[in-house]
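What follows is subunit A paired twice: with subunit B in the first complex and subunit C in the second.
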Partner chain A sequence: MSDIIFIGLSLSSILLLIALGLSITYGAMGVINMAHGELVMIGAYTAVLAGLHLNLNLFFALPLAFVTSGLAGLVIERLVIRRLYGRIIDTLLATWGVAILLQQLVRLEFGLSFLGIHVEGLGPGLQNMTVPGFLTQPFDIAGITIQPYRSFIIVVTLALTALTWWLMYRTPTGVQVRAIMRNPQIAAACGIDVRRVSALTFAYGSGLAGVAGVLLAGFKTVMPEMGAAVVIDGFLVVVVGGVGSLLGTLLSAAVLGQINGVFAILTNDILARAVVFGVVIALILWRPRGLFSFKSR
Partner chain B sequence: MSDTTASSATPNRLNRIADWGIYALFIAVVLGLPMLMDDVFWLNRIAKYLVYGMLGIAIALSWGYAGILNLGQGLFFGLGAYMTAMSLKLMSSTSLQQGSDKPVPDFMLWNAEPGAMTDLCCINKGSFLWIPFQHQWFGLAMAIVLPLIVAFILSSSIFRLRVSGVYVAIITLALVLLVRLLIIDAQPVTNGFNGLTDLGWLTIGGFEFDPYMVQTYYVVAGSLCLVLLLARWLVSTRAGLILQSTRDDPTRARYLGYDVAAFQVFFFTVSAGIAGFAGMLYVVAAEFASPSFMDITFSISMVVWAAVGGRNSLIGACLGAILINTIEATVSETEVFKEAWKLIIGLIFVLVVLYMPRGLAGLARDLTGWLGQRRRGADPMPKAAE
Partner chain C sequence: MTTSRRNFLKQSSAFGAAAALGPGLYAGAAQAASSIDVGVLFSLTGGLSIIEKSLADATMMAIEEINASGGVDGMMINPIMEDGASDPKTYNEKASKLVIRDRMQTVFGSYTSASRKAVLPVFEKRNSLYFYPTYYEGFECSKNVVYTGAVPNQQLSNFIPWIINTLGKKKFFIVGSNYIYPREMAKVSKILIEQHGGEWIADEYLELGHSEWGAMVKKIKDSGCDVVLSNVVGDSVVAFYREFKNQGLTHDKLPICATVTSEIEIAAMGAEFAQGSFTSFPYFQAIDTDRNHAFIERYRKYVNDPKAVTHHALESSYFQVYLWKQAVEKAKSTKADAVREGVRGQVFEAANGTVTVDPENLHTYLTPRIAQWGADGQGTIIDEYKAPVEPLPYVAYGETAENLFCTAKGLDSSKL
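The block that comes next holds the complex of A and B.
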């Protein structure tokens, strides 16, 4: 029984990890960022490259990936998303283009492969990140086998959620972000620099994607297409939880992850995912605005 | 779009002439292409892109005219493809390997339990579903009927509950992923990941449509022209105009007494039927059906083709799909270009959304508008209302 819960918990934490960044960019800013998966991918590649070229392990890669993905997010916001606020479907299409662009940049090693230069760790192939030894050895506590890396992910995810909550609800910037969420015009009229705060918020959400990428790299193969597979799951979690609600995102990740875990044991992985999609559809039909939401915009 | 002031009569007429001119030109080129090109391999390729063009029409109908972004159009395309492929599979010589006259798909035989009866009724638990597909026409009919049924049920529940905007997109997206997983999971019946391959040829009145044959191209091209004109007629009917009003302001349309949901359901379903028809034609031309038709990438790609061509224009979206795919196939002949092209296409999508939200069709309309103004010469007229 505890095994099942742990598997579900571990699935939930990964969902939450990806959804956390999205709950900021989509939930708070109304931007469907299809390139979110690619920001995850950039984080994963940062970890790979940092390990290969700078000899930095996972713990150093985490902040580094936060910075690289955050910066990438900042650039995307400046060049593309800034022009599309309020046009939610267009953000989806434009960032889909950005996603293809980013994937292709990594695959072509930023165009260097045209010149015959190859960077180890980039390109179309598969990469791996080495996880420090003490995080890979399972150990027993009171008869329960603990997977240290999975536990590490759960802990980091919860810590990041707490940090995000603190930023959003306990800091002056967080108040500004929530004001913009409710009504950007009034927020601007009250003297909030909407552009600056939006850009920072987007960069923060992107940075979270980078951290997610590093953690994913620990148990998944790193490749240019890895982001596309995770971004949809993240969206479904955010939508089910309720746009703009951090608590909703947390709970919906927990519930969907547990459903996935339980059905994976009862049937198989494929059907379990199908069940999750079914539940998501039913929940959206039942409550289009999500489990927890407020009226806004 | 239309302008009621008398002064704009000329540009309006010019627009209408240009509009019909483009339709006529398009149909002439599509139907006349085999006379210019006798390479059947390229004709077969282009037939596939014409099918994508049909998907563009389906997207423009639901997204441009109804304002419903369906990110799961691949579901209907896939259903149409699978229904057709099931019939064609049973007609394939690979299904008659047992020497019996009762066709059984080869993959079922490979995976059959020892001693299982090699008959469609009971070779495995789900194989009885294949029985009616022994008649080719059943498969072809289902390729359109099943998408219609699914779309009707889906859209009725969505629009009766007044779910709208981005939530429709997310529901359709989740649904296409759901069905894709079910098809992969139902391996004994659907051949899972591998899809249905080694299909027979479409046979009508004893004539076999070899995909690499001019006649097959004409079937696809003729169907596309038919669907294009039909869709064009549909949006110009009263129902089509009311639909556009529900897109622009659903609340107002509702207060004017129109049953908004009914119009949305109708056009969503028609769009799904077109996608199913496209799936059928794709199988006839490409000779396979696979779960990749229900990949999310494919469904979003369709929307992007339509966006580049012009989401508010049936022929624009259709041309967008055909052009992007033809260019892609041309440049993909060399490896370097192939990789660079993906970079370029990503950039094009971003630029189109940012600077040309009405796509190529919007550009063309601006051009005819500008020409109309020039023809009027010195007479200064107010800018045509958009």
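The block that comes next holds the complex of A and C.
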């Protein structure tokens, strides 16, 4: 029984990890960021490249990926999204284009492959990140088998959620972000630099995606297309949780992950996925604005 | 006057040259043409491009080698490359383009069964030849395809008895990706398992590309099986082996015996996750012959990557171009009908050993081998047949060497 709960918990933590960044970029800023998966992918590649060329392990790759993806997010915000606030459908199309662009950049090794230069760790192939040995060796505590890598993901996810909550609800910048979420015009009228705060918020959400990428790289394949699959799950969690609600995101990730885990064990993974989608449809019919919602822009 | 005499001459000579270079003219023309066009159709983009790019590279390498050593009967091969984009529908469109517009008599291509099935009608309707390099599930008998990868009896007929008798494992958990290849492989496996006194206790499938293996590996752990037979395909393989180790399962107690996991997947997951597990294929990079060492060296040089790995479908992609060359030289024609007759019984010394095209069903005699994966990501070959094994694409339906279902006349459907 504890095994089943653990699998569900682990699935929840991965969902939450991906959704956390989205709940900020989509939830707080109203940008449907289709490139979110690619920011995850950039994080994963940062870990691969850091391992290959700088000999840095997972623990150093985490902050590095946060910075890399955060910077990438900042550039995307400055170049594309800044011009599209309030035009939700346009952000969807524009960021989708950005997503394709990022995938191709990695696949073509930033264009170097045209010149016949091969950078190890980039290109269209499958890559992997080395996980430190002690994180792959399970151990027993009081008869319960602990899987260290999945436990590590759960811990990091909870820490990041706590950090995000603290930033949003206990710091002056967080107050500004929440003010912009409710009403950007009034926030601007109160003297908040909306453009600057928005850019920083987007960069922070992108950085979280980068951290998610590093952790995913530990048990999934790293490849240029990896982001497309994760972004759908992310949106699912955010929409069910209620746009802009951190608590809602947390709760919906927990519920969907457990449902997925239990049904995957009792029946199979394919059916479990169908059940998850069924639950999502039912929840959205029942509460069109998600579990927790408030009036926002 | 709109056309000057000079322009007219230019145009007519250009036209003449184009006609001489036209594909498929070799057979009819009294004088030899100077080049032969062939199609090369693999996915250069999309999810499968990771593997298919290496197949395209191996094909192009063989073509360049043949051209550098004087071509086919003195004619240069002129490859026309198209991108299947990891999508069966695109495969069908590109095959139509190659066969109908470019009038290709021969095309080399495809990795997945889905893409092969998608292009098959084009080749059968227009009577062109398709050279298919990948191991596949059998159950196909087309006179328009030359199959140079393994069929189930060449991957499983040594593997299952070996697992039961040598490894001493009798309880099988069969797991695969949810499409035709793993399901047909499971069908053949079950027949063989029961024949040799083993039992299978589960037969489970996950979507292609599925990367969350927590629940499935737990099922394996709780099932009481003593061996896992994996027909998992693509990047799912990586997630599967990693989760297997993360849940504390080890290959010395509960080995994964796989039919798809090749050097390319091992490199992607990290060698420590596969160390101790087994795979059955006719070709491994670890085959210790001078011919194979030279092949690997040439391939690495060709793709400009000193760490590039070679694998079964890649090696077949390479040698099937040579089989085609020999067939053209024997038939003295590039026409599909002539090449088909020419390729029957063709023998070639490939990196995996001697390969022969079966004169009846156009599949290929290959030597089954079993390898155990080591810490360096390479296999150690621990079992191999002494001689190449006859391909039997309908083995799951009772086909034997004495009772062939698929012959030069076509499929005898009364036997199914």
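Definition applied: the second predicted complex is superposed on the first by the 297 of 297 C-alpha atoms of A that agree within 3 Å, B and C clash if a C-alpha of one lies under 4 Å from a C-alpha of the other, contacts with A are read in each partner's own complex, and residues count from 1 in each chain.
Note that a residue touches a chain if its C-beta (ideal position, glycine included) is under 8 Å from a C-beta of that chain, and two chains touch if they have at least 3 such contacts.
Since the model is a prediction, treat every value here as computed from it, not as a measurement.
By the touch criterion defined above, A:Met29 lies against neither subunit B nor subunit C after alignment on the C-alpha atoms of chain A.
In the superposition on chain A, no contact is made by A:Ile81 with either subunit B or subunit C. With both structures placed on the common chain, the touch criterion links A:Gln147 to subunit C but leaves subunit B unconnected.
Once chain A of one complex is fitted onto chain A of the other, the partner contacts of A:Phe219 are limited to subunit C, with no touch recorded for subunit B. In the superposition on chain A, A:Asn268 makes contact with both subunit B and subunit C.
Within the superposed three-chain model, A:Phe277 lies in touch with subunit B and out of touch with subunit C [touch as defined at top]. Residue overlap on subunit A between its contacts with subunit B in one complex and with subunit C in the other: 268, 270, 273. The part of subunit B that touches subunit A in the complex is made up of residues 69, 157-158, 161, 163-167, 169-171, 173-175, 177-178, 181-182, 184-185, 296-297, 300, 303-304, 307, 336, 339-340, 342-343, 345-350, 353-354, 357. Residues 3-4, 7, 10-11, 14, 116, 118, 120, 124-128, 130-131, 136-138, 145, 147, 149-150, 218-221, 223, 225, 229, 261, 264-265, 268-270, 272-273 of subunit A are the ones that touch subunit C when the two sit in their complex.
The residues of subunit A lying in touch with subunit B in their complex are 32, 34, 80, 83-84, 88-90, 92-94, 96-101, 103-105, 107-108, 114, 228, 232, 235-236, 239, 268, 270-271, 273-274, 277-278, 280-281, 284-285, 288.
Per the touch definition, subunit C reaches subunit A in the complex via residues 46-47, 49-50, 53, 178, 204-207, 209-212, 214-216, 218-219, 235, 238-239, 242-243, 245-248, 264-265, 267-270, 304-305, 307.
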